[in-house]
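Please find the structures below.
Each of the next two complexes has chain A plus one more chain, namely chain B in the first and chain C in the second.
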Partner chain A sequence: MNYDFDWGVLIEYRGLLWDGLVATVELSVASLLLSLLIGTLVASGRSFAPALLRPLFTVYVEFFRNVPPIVQFFFWYFGVGLDVVPAAVIGLSAFTGAYVAEVVRSGIGSIPKTQLEAARSQGMTPTQVLTFVILPQAMIRIIPPLSVEFINVIKNSSIAMTIGLTELTFQTQEIEARTFRGFEAATAVTLLYVALAFFIVALSHAVERAARLDLRRG
Partner chain B sequence: MDFSPVIRNLPYMLQGLQLTFLLALVGMSGSLVGGTVLALLRLSPYRLLRWPAAVYVDAVRMIPLIMVIFWIFFLLPILTGRPVSATSAAMIALVAFNSSYMAEVVRAGLMSVPKGLGEAARSSGLSFFQNLLLITFPIAFRNMLPAIVSRFIALFMGTSLAYVIGVTEFFRAANNINNRIFRPFEIYLFVAVVYFVCCWSLSLLSRWIERRLAAGERPAKQDQTALSLRIEAPAIAARAR
Partner chain C sequence: MTRRSFARLISLAAIPLLLLAAPAPAQQSTLDSVKQKGVLVAGVKNDYPPFGYIDEKGQTVGFDIEIARYIAGKLGVKLELKPVTSANRIPMLTNGNIDLIAASMTITREREEVVDFSVPYIVIGSKFLVKKGSGIKGYADLAGKTVAFTQGTPWGDKVAAAQPQAKTLVFQDKPQAVLSVMQGKAHAYVDDAAPLFVFAKQNEALEAVGEPSKAQPMGIAVRPNDSKWRDAINFALIDMWDDGTYAKLHKQFFGVEPDPAFIIYNWKL
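Right after this comes the complex of A and B.
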């Protein structure tokens, strides 16, 4: 192995890496929020919508989680003709939303049915029961699996490079193209992804603790 | 919408689909072996074996598959001193990436086997590997099967990323067609449907296996004297990407 490592390129191109990191975080956070919305609506729909409409939500989940994200990105970008950022956010949210829907559904399923019956017999409407009784509790229970989804969103956001979104992985290729230092760039970007994953694990622990305390205080 | 250009170019795309299946099969068999080795290392009593395996499994699961593909593509030429073909780089990356997920599936499966069973096998004179091959694995495999199929779905979708280093699998083949005839809406919709049909039938298979296993367990539960083999399917590993 005779290869001269030149870690200096990382300092020289730190601006590219930083821009990439910011783009990755922005895309991931936007997509996570949107997919939480989609996931909650779809999961609620699957459990509480009129029986005739429920298959629609099931079809959504089954379709969007069984099509590779890269195909979804290309479809929105080239097929529908959206701009890069909307195509990436919609593609990533639609894919992740299907997984989040399954997570939320398991959270809803973990709340005893007796609570629904008790709340209904107090005179609450089904929508009230869902928003004030079931979802708040379900959301706290699913914080750990949601943090896994968050890490998955970050990992899948790398695929947005294929439609030209200049996130972290894109910058790896950019540095490689400019300096032929793909190895060094890949090392730096890999470490950044690992750091992001660690940060999310720590964040989810903190959020879970805060949420549980909040719930106990009422 | 006009799908006739898609149909006219079907043979070319089907060739790509063949390569996709090949990548998926190589990735699957490789990561079953790799995952088993990693799982055994992680369960070993020696810290020197346990720790490197744990670091590898946890680290790889934190980074995107595209990064792993780039790694292999950039790193291998440096190590070996000559360029690797994109297809073999993709295969190696798929195996390296999915082995770490498979390791967790296998580990959960192995841990779901009652400890007494292995101890009984060892104390009746079976060697370490005999116990593994004849007693522990067959039982663990049964519990792992749904999670393995779920991994296969994720792996199958992952093969589409070989596109980034220029492998002409199904997605890239479709892309090449699009570059020629420029029918993006029809082509990517068609590609999505093909992937959906493949992955969804796999997920139906996984659900069917799960149901079959649940049905097969009922008599064992009633028989109080028999060793209870009913163990939760490794749910954590299911559908993890």
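Right after this comes the complex of A and C.
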């Protein structure tokens, strides 16, 4: 390959990379938390809501799971008319929330029915059963698949650049547009995304170690 | 899997990587490789009327496409069109995915450092696309307002220099920038004049006004240090001017005769 590498452009444009990283992290953290909330609510609704309401939650999951995320971003930004940041956060959270809902639902389903029956026989209301017996056990079990969905949040955040959010992938293209050093810019952004994903993995390991008694040594 | 068979599998996978490290063969001129292949791969826009756009039949057509077609005809090869955007056209060229860029590309000094341009084949002005009745005529009216443009174009720096008090919105494609003006998310969309005129024609609520920057020349871009190829393109452009095809195409796509103040070459080279 005859290509003169010029890694200096990354130093020169580190301001752009930093701005992009901050925007990506802010969007990802907000969407992560919001999608976890949405997903838990929707999954709980699918399993425990009155039978007449359950189809609503199913429709939510099927709709937001199957429509491509870029279409969803356009819907919130151009269709509903939200500003860039609200559209990005709501779009990414609604989309990821559908996936998280399925993960949480599988976690809920993995709790033996005997737990539910025992709790109910003790006189707990369905809400109490859900909050104090089912969900605590379910959430611990689904930490690995949840971490996968959260890594997907980081990757899907790059789609927000189509509605004008100047996040990490956007800034990479900006560096490339100004310096024409595509290879160096792509290398930098790859390493940054890998670092973000690695952080999520480390975090999920730490949470799992703290929560699961059988993983603790001694 | 045993440790040894795993090691063998890994070393098999390493062979393609070694091939990448092999030295590149001596550079052949693009002119020769195009003639050998029998195909000219041209990077063109498909969202930028009248330079390159998609017509009702779903075909990519436009002024740049016809110029690429003329060049291919002069070389005696077939034409293959590849859609590009302002952001990815140079990487596509330097990677070898396309042989030339015919995508309404303004000639600038920064770009000359990474590609080589043909002689200018058209001069194009720029405009602001605004809502009718907005009262915006120029940079002075845009203080505190939002200006939209597409990534990969030089407008970011130009707007920042001319009107530091304007906010910017950057989109990937032109239709989104137009939509942002229609919906009031941006007060103006700044870009070359020709496509803005087309957008304004398609949308009664919009109009193209003002003069964001002086008229700029556009050129066909090729990989640097390939004089043979650049000469072939320049000669084709000059022939196109001499035999009247240029004037015909200009009339067809822009509706007017080419500006007499601009001519490719009139010295019968």
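In the analysis below, the second predicted complex is superposed on the first by the 212 of 218 C-alpha atoms of A that agree within 3 Å, B and C clash if a C-alpha of one lies under 4 Å from a C-alpha of the other, contacts with A are read in each partner's own complex, and residues count from 1 in each chain.
As a convention for this text, a residue touches a chain if its C-beta (ideal position, glycine included) is under 8 Å from a C-beta of that chain, and two chains touch if they have at least 3 such contacts.
These figures come from a predicted structure and were not determined experimentally.
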Partners on chain A (chain B, chain C) - clash or fit: clash
Chain B versus chain C as contact partner of A:A30, first or second or both or neither: neither
Partner chain(s) touched by A:N152 [first = chain B, second = chain C, both, neither]: first
Touching partner for A:G164 - first (chain B), second (chain C), both, neither: second
Per-residue touch tally on chain A - higher for chain B or for chain C: B
Which of chain B and chain C A:A177 touches, first, second, both or neither: second
Which superposed partner A:V207 touches (first chain B, second chain C, both, neither): neither
First, second, both or neither for A:F78, with chain B first and chain C second: both
Superposed model, chain B segment overlapping chain C, candidates 43-51, 115-123 or 205-213: 43-51
Touching both chain B and chain C, residues of chain A: 1-3, 78, 161-162, 173, 176, 182
Chain C-facing residues of chain A, complex: 1-3, 78, 81, 83-84, 161-164, 166, 170, 173-174, 176-178, 180, 182
In the complex, chain A residues that touch chain B: 1-3, 62-63, 66-72, 74-75, 78-80, 99, 102, 148, 151-152, 154-159, 161-162, 169, 172-173, 176, 182-183, 186, 189-190, 193-194, 197-198
Residue ranges of chain B touching chain A (in the complex, touch as defined): 59, 62-67, 70-71, 73-75, 78-79, 81, 153, 157-158, 160-161, 163-164, 171, 175, 178, 184-185, 187-189, 191-192, 195-196, 199-200, 203, 239-241
Chain A partner contacts - residues on chain C that touch it in the complex: 20, 24, 27, 86-87, 90-91, 94, 110, 113-114, 151-152, 169-172, 176, 179-180, 183, 185
